[in-house]
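Shared chain: subunit A. Partners: subunit B in the first complex, subunit C in the second.
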Partner chain A sequence: MQTAANGLSAAELRRYARHLTLPEFGLEGQQKLRAASVLLVGLGGLGAPTAMYLAAAGVGRIGLVDYDVVDESNLQRQVIHGQSMLGKPKVLSAAARIHDINPYVEVVPYQTALRRDNALDIFRDYDVIVDGADNFATRYLVNDACVLLDKPNVHGSIFRFEGQVSVFWAKRGPCYRCLYPEPPPPGMIPSCAEAGVLGVLPGLIGLVQATETVKLIAGIGAPLIGRLLLYDALDMTFREVKLRKDPHCPICGEQPRITELIDYDEFCGTPGLHTHPFDTAAVPEITVHELRRRLESAELERTNTWLVDVREPYEWQIVHFPQARLIPMREVPQRLDELRQASELLVYCRSGARSAEVVRYLHTQGFKNAKNVRGGILAWAREIDPNTPVY
Partner chain B sequence: MTLTVQVFATLKERAGAPTLSLELAGPITVRELRARLGEQHPELAELFARALVAVNREFAFDHEAVQPTDEVALFPPVSGG
Partner chain C sequence: MAIVANFYATLRPIVGSKRLELPLEAGATVQQVLDYLVQRYPALRNELLDEHGNLYRHVHIFVNGRDVPYLEHGMNTSLTASDVVDVFPAVAGG
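Presenting the complex of A and B:
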């Protein structure tokens, strides 16, 4: 009997039966998936569901880029990783799960940070790039590498209860820089670790990315090119903004100024990976050891020094210094008069990032006496009191 | 006339409200809109400067006009993954 399976085995035909039955997709779509290669940048909240569904769907080769290891705090949303993989590299944890989901998928793990000196070499071998990174420097790097290599960039990003998704493909529409030519100042946009994230949110956004990836490969439907989909989990609303290509875009515009990859940490004003996520060196600060000395000598009251906690009330409930007063970051601009009563301000938060931003802001408002507690509560837990609850 | 500006993600969180209001005598440019909002909320000026501005659900460049009756939304970039 003659078959048109064209390389798909009998077992694969059984596995993909529900795809083959779809008239719009069929054997041709399945063969395209099998011949395709997809690179996932980041195996966090977005990359985890994307990887699982793309594997199940039958994408022939899946590349995984992530330098990190599985942490307990990942498991609330990064569903590809399980309890047994704690402490293991995410790319290996994900590879094992993918093999179990679908042994016909070839997995290529890259246990490394994506950098300007490896991005082009890695990207070159893939048809579609899926951006599930967790920082701006990597997002601009992914965008620029995709533009330079003419690859579609299936972009997803999340914050707390909200997500953004689009397909950037400079030959056919705008790129990420057309929307956001300048990164936000370091520290202005907190990470998931800083801000928290609803665990199910990246599941939905990641699956929109997976859907767009399958559509691009199979050549079906209307891709999310030139459209930004915005999702709010609390309101359960989807909005869509029609995007436009910026003729002056520095990389995909009519006269590009960026013709090779740049230094993205410098561009975003962030230090490299494995260091503190934000540049807190620019603000006056004290260490947690110095803070302990001052707390134990009870000199805060004597010197009219205020210890200010700029976290949210729910964080205050988890842990705080008894001597501290709570002024959540966003209330600081309205409460400057109150703060002026102090002779000195020691500002802390969870990791020292938000408080550094507050101290920077206070200095612009004339508070030359404001100092950041470097490393925040995390540093206190690490260096002073291991019984401090961390979150 | 009062222009209502919807804000999202970090802007919504930092402003403490999902919408901001701006009194307008007539049309202004997107660039002026960013500046006016920044005057009202100086601590958010840098975010207004970098947010995506959508006018009537379409991306708007800095030189383009905003009417007081337009539907205006500001989406700051978010980076979580």
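Presenting the complex of A and C:
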């Protein structure tokens, strides 16, 4: 028997029975969820559990923004994706999983990087924005678009064993820029790829985001507005600190200076997503073939050339050149005196991106002898030695 | 009881632990805590302070859950035993 009672079908009433039984939630809460739309920015560690629970809960329309494809290294924490989806776009992998969890949810995939020229158009169609991005530039972009369109920004961010969660909503409290007016200098705060992350961590932080999203939509409880939760998985502690709206905030303050989206890559000093990650032509470089020639001729020692690995120690443990010395990227500024002993510096990392940043930095510090190993270990594995472990 | 400071994310490995009891007298100010920390742990300087010696704007010091710039006396706020200081940077992982 079909029923249109209260706008939910008999099958939906069965599906959401445990919600309907909650006195504080009930039919009204379920109807609000079904009428609501939520945009998830990023389908990584945070977006994966958030998407699954919001779908199961019965959010009517879920938008998914991610340009990336599913990689093996994602599966340790990005539980919405599975082995069978390796190499497939994350938004399509997630859409398939959501359809299986709850066929009543409409999914809108955006297989693109979020940029200043598409953010407002995408955000406009959603009630709540959930920020599960993995870089500072996107986080400022998400914040500014939310402030300009008056949308709540359910924020989560993670580092190794710790997370930060809050709801930024300029109309009702502080925004992200009230808390962090400026990003850190480029490279100072490593990403999850560089620093590592405990797989279960984003599950917890993502589900705090999902919880806040459901509460905002249903209008129940006390939202995490004006409060920041600092979660520590190792100590298993939640610390709550109070956030204030900054009257001088450049976008939501009394006299806003930012009235439209800006260039976030420039603001954060990071290479843009429109730049190919291997487009390192701006810095002097050598190819892996040239590196092999110089390694085989034992020329490095003769010419006092240092091969410098700027990855993290855990990456060094996986694979490194025996001739190399490890100076992780973030230690470089403190170890310039050491580097000055070399006549020439050949800098490498996993893909050639971090090492290009380091070479660019070294040139600003007067190291005209620094060169990037183009493509890094991945290029070495691809073009020189296929037995090289890649990760 | 001593003044306790908690360190997060990239600051934690520099200090070597999440939680420190600071060997400072009650009445020490937040500025004195900061001065002590960068002297005792020189690598903290680059993580906390810009080239002008000002706290980076992606780093926060909270006292008992309150952001220092919003305290009446800001960095000159005196701390008492049992006060808890949290020092954390922005992180962006997702």
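Note that the second predicted complex is superposed on the first by the 294 of 391 C-alpha atoms of A that agree within 3 Å, B and C clash if a C-alpha of one lies under 4 Å from a C-alpha of the other, contacts with A are read in each partner's own complex, and residues count from 1 in each chain.
The rule is short, and it goes like this: contacts are C-beta pairs under 8 Å (C-beta built on N, C-alpha and C of every residue); 3 or more make two chains touch, one makes a residue touch a chain.
On a predicted model such as this, the values are computed, not experimentally measured, just so you know.
Superposition of the two structures on subunit A leads subunit B and subunit C into a clash.
By the document's definition of touching, both partners, subunit B and subunit C, reach A:182. In the superposition on chain A, A:234 makes contact with subunit C only, not with subunit B. By the touch criterion defined above, A:18 reaches neither subunit B nor subunit C.
Using the contact criterion defined above for the overlaid structures, shared-chain residue A:257 touches neither subunit B nor subunit C, since it reaches no partner. Using the contact criterion defined above for the overlaid structures, shared-chain residue A:302 touches neither subunit B nor subunit C, since it reaches no partner. Using the contact criterion defined above for the overlaid structures, shared-chain residue A:361 touches subunit B, although it does not reach subunit C. After overlaying the two complexes on the shared chain, residue contacts for A:244 are found with subunit B and with subunit C alike.
Residue overlap on subunit A between the subunit B contacts of one complex and the subunit C contacts of the other covers 42, 44-47, 131-136, 139, 156-160, 162, 164, 179-180, 182-185, 188-192, 195, 197, 202, 230, 232, 239-244, 330, 333.
Taken together, the subunit A residues at the contact with subunit C in this complex read 42, 44-47, 131-136, 139, 156-160, 162, 164, 179-185, 188-192, 195, 197, 202, 230, 232, 234-235, 239-244, 330, 333-334.
By the touch rule above, subunit C contacts subunit A in their complex via residues 6, 8-10, 18, 43, 46-47, 56-58, 60, 62, 65-67, 70, 86, 88-94. Contact residues of subunit A toward subunit B in the complex are 42, 44-47, 131-136, 139, 156-160, 162-164, 174, 179-180, 182-185, 188-192, 195, 197, 202, 228, 230, 232, 239-244, 246, 329-330, 332-333, 361.
Residues of subunit B touching subunit A in their complex: 8-10, 13-16, 41-43, 46-47, 49-50, 52, 54, 57-59, 61, 73, 75-81.
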